[in-house]
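In what follows, structures are represented as structure tokens.
Next come two complexes built around chain A: one with chain B, the other with chain C.
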Partner chain A sequence: MNTILKIIKYELRDVIRSKWILIYFAFLFLITEGMFQFSGSSSKVLLSMINIVLILIPIITISYGIIYMYSSREFTEMLLAQPIKRKTLYTGLYSGLALPLSLAYLGGVGIPFIIHGVDESGQFTVLLILLMSGVALSFVFTSLAVLISLSSDDKVKGLGIGIFVWLFMAVVYDGALLFGSYLLSEYPLEKPMLGMTMLNPIDLARVLLMLKFDMSALMGYTGAVFKKFFGSPYGMLLSSGMLMLWIIVPYLIGKRIFVRKDF
Partner chain B sequence: MIRIEGLNKSFGKLHVLKNINLEIEKGKITAIIGPNGSGKTTLIKIILGLMKPDSGKIFVDNKDISKEVEYKNHIGSMPQIARFPENLRVVELINMLNDLRAGKNGVDKELFDSYNLNNELNKMMRTLSGGTRQRVNAALAFMFQPDILILDEPTAGLDPISSSKLKDKILKEQKKEKTVIITSHIMSDIEELAENLIFILEGKIIYNGTVKGLIEDKGKINLERTIASLMESNGK
Partner chain C sequence: MKSEYKILILAFLLATITLLQTSLSARDIIVDKNGNVNSIKKGLRLCQIGDRLIVKKGYYKERDIEINKSVQIIGEDFPVVDAQFKSGLFHIRADGVRIEGLVIKNSAMSFVSEYAGIKIDSAKNCIIKGNKILYNYFGIYIAFGADCIIDSNTIVGRTSKSETTSGNGVHLWYSKNITIINNKISKQRDGIYLEFSENSTIENNISEDNLRYGLHFMFSHRCVYKRNIFRRNVGGVAVMYTKFIHMYNNKFENNWGPASYGLLLKDINDSEIKFNLFHENSTGIYLENSMRVKLEKNNFIDNGWALKIRSNSMDNDFTDNNFIDNTFDVSTGSKHNFNTFRKNYWSKYSGYDLNHDGYGDVPYKPVGLFSAIVENNSPAMILLRSLFIQILEVAEKVVPAITPVKLEDVQPLMRRVK
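After this line comes the complex of A and B, so read on.
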């Protein structure tokens, strides 16, 4: 445990010195603060932040994570020659990446809300879910970034795969789902759609957020089915569980690769 | 003492190390030589735990290295290409390694001081010149007073003065009963330093014995000629 903390400490220093994490924080802070200045109502800010969270966090986390993993190859090799277990080193490297990314997000979006507050107390849960799902997405895409960078020694290929994964989850997947449901519009598709939504972490976060905003009415009958399912404690539990799986499964596969890898 | 039993390593179809069996004597300087791509660096990386063997076992002081990492406290290594975390200062790098290693013996700054590296302490690793990096690399290998030193082409990239200082330091450490493993393409360096010699060709051990013994055996004037004739007789 002690060694993990030491690794995180030295990695944090490296991450902060590279300044990208500070730019990410400043960017999120300025967007959130800017929206408060322009719209003035916290409900509008919350609504706009959904799209920022769902699109920005995955792409920034996955590309930064992959680039960082490749550029810290020296750090990793140097530490591997020291008396440190590979599993410990992996946990340290992962945490040293996921924690600053999550903190930059929490700070960047959270601080303006602390300054301005929310209009109604009901929005507080929405804010909480917004922050939590953003952190969950940061962890999910850190796991994927680590896994991708360990699977390929070629930097360009790794980054390419990362961007493809993001594009697929953020854009292509929904498009394909929409197209499929259009082709099969004669059939009752609510249940399969529910299942398909569970398989994409960005969709999971989106549904969780949408339902809290009571926008499900806009989604018609499917929205009603979704609300019934995801709105229930069972559905909430299941979708949070799925998000956890999206963090843990790539993390463990990455660990397995890391423990056996030649450097 | 380092004992290697039935070690095999392949990269895809390329069989780099073929059933290596070795014992590296404690308290002596052992040179590993062989042409480029013969598997020297792979062997060293496996001993350091950077690479995993396909089969076979390595024992450092009779402990199986696949089961623990503690043995790395007793190893100081100088990799062929110095790769450092670029955003750290020299002093931070030293503190980090000191922090991560259970350094019971204290710090040995002799080589560090003789290389005048104290002026570079606050510089970022990425701003150092190639030669300075290599000197930091060398000084770090000795810094934590390890019992075993593993030096992969240590004199490459060093100027003659730094190189001589390094060789003096190696001989000095050997007198303190430390085990040294060294690889090099410079035969005169090996003749000067090493007592034992392991010659690897295409992943197999061709010779394992003393340097003097080999030269006398082949009846040549120096190590370079001896190795050349050994390579020729092996169809190279």
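After this line comes the complex of A and C, so read on.
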């Protein structure tokens, strides 16, 4: 445990020293603060932040994670020569990456909301879901970044796979979903669509946020089905469980590769 | 014999004179729980035409109060009249009746009779003013009435959960020239309901939290609706099969739900809808089979859909409206367009105005791709705000393929209409 903390501490220092994480923080902070200045109402800021969370966090996290993993490769190899368990080192590396990214996000988005507050108490839960799903997405895409960078030794190839994974989840997947819903439009598709969105972390976070914004009213019958599902404790449990799976499964696969890898 | 006749004639004359006097000069009859006349029914039996019945503060357990002559019933300090859910309360069958300042409550629910707080049946010139009409099946029910005024009443229904076990706040049936003004209606089935009722004015009322519609009318031509507020009604406002309506300065707010509408127009022709505010409704206005409706200077703000127009609606004219921050501006099931959009302000418009005449140089197409997709394929709504959809929207704007090409505002305003 102590060793993990030491590695995390070193990594944190390293990540902060590289300044990218600070730029990320400043960027999120300025966007959120700027929106508060321009629109004035916290409900609008929250709505706009959905786009930031759903589009920017995944792409920034995955590309930064992959680049960082490759550039700290030599340091990792040096540590491997020390009497440290590989599992410990892996946990340290992973947390040292995921924690600063999450903290930068929490700070960048959270601080303006602390400064300005929310208009209604009902928006507080929305903000909470926004922050939580952002953190969850940060963890999911860090897991994926670590996994990708470990499974390929070629830096360019790794980055390419990373961007493709993001593109697939953010764009291609939804396109396929739309196409499928047209092909099978004679069938009641609410539940299959629900199942399909559960499989994609970005979609899952998006639907959770949409429902918290009470967009379900716009969705008519479909929305009623979704709301019933996600509103129930079972649905909440299942969807947060799915997000956890998206964090844990790539993390464990990455660990397996890391432990067995011949550096 | 002769003198006896004289006395008889004299007595008869005296009697007619006194009778005439009483009917000409209105008397005040006091109803008091502790007095001689301790019920409204007793008081009404003593009343002549034109009398005033003053009801003192108290609790009167009375029901089925028939009013067959033109009298005024005035409450002092809001006496309570309670039907204890057994039947209806006041039943007016005479012209010129006035009821003021009473608390009228607890009429029974029935699937056979329309038990109401106040029921006006085939009467004219009645005034219902400043009453608190609480927890009734129907609040005020007017059938075959004319020239009546319903003013400053508070009408609250019982907190029934289903539409069938609740009546309407103000219910008009085959009535004419009714003025409904300054009332506050909530928790009924429909706040205000009109059927076959013409030339009426509905002004400055607040109708909220009703189980179905805030306002609902059918076949009620030439009515005017001004400065009313309709909010948080389960179904919003629905109006049907009517011509020549004028709706000005109303507010339609927070009618939010899968089957809620700010304003649902079905078979509404030759009408004017101006200066209204539609704020936070899941659908601002839904038009079905409606023709020649003029919509001017309305504000559509923060709605799910500002407008949903079925393709059987034609020749409607949208001018000088503000469309601000709606999830979808316009949605229609058709690829064609038979309505005109001119000089509206659209907050989503991203065009430019080179010659500074206040109108954008590029037409605005208010039907987005996604709203067209969702129209035909409702489960696709789950992709709302997906990056993929946003990319498609941009592509569609450049080369329209799915959205109706002709549905556009050729002169979109650069600044919002004041």
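We take it that the second predicted complex is superposed on the first by the 263 of 263 C-alpha atoms of A that agree within 3 Å, B and C clash if a C-alpha of one lies under 4 Å from a C-alpha of the other, contacts with A are read in each partner's own complex, and residues count from 1 in each chain.
What we mean here is this: contacts are C-beta pairs under 8 Å (C-beta built on N, C-alpha and C of every residue); 3 or more make two chains touch, one makes a residue touch a chain.
A quick note: this is a predicted structure, and the numbers were derived from the prediction, not measured.
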Check whether chain B or chain C contacts more residues of chain A in the superposed model. C
First (chain B), second (chain C), both or neither touched by A:Leu177: second
Applying the touch criterion given at the start, work out whether A:Lys85 contacts chain B, chain C, both or neither, answering first, second, both or neither. first
With the two complexes superposed on chain A, say which partner A:Pro233 touches: chain B (first), chain C (second), both, or neither. neither
Touching A:Lys6, do we find chain B (first), chain C (second), both, or neither? first
Partner chain in contact with A:Met193 - chain B first, chain C second, else both or neither: second
With both complexes overlaid on chain A, does A:Asp14 touch chain B (first), chain C (second), both or neither? first
On chain A, which stretch or stretches are contacted by chain B in one complex as well as by chain C in the other? none
Contacts from chain A onto chain C in the complex sit at residues 44, 50-51, 54-55, 170-175, 177-178, 181-182, 185, 189-190, 193-194, 197, 203, 206-207, 210, 214-224, 226
In the complex, go through chain B and note every residue touching chain A. 11, 45, 48-52, 69-73, 75, 77, 79, 83-88, 92, 96-97, 99-102
Of chain A, residues touching chain B in the complex: 3, 6-7, 10, 13-14, 17-18, 71-75, 77-85, 260-263
Touching residues on chain C, where the partner in the complex is chain A: 256-260, 282, 304-305, 325, 327, 373, 376-389, 391
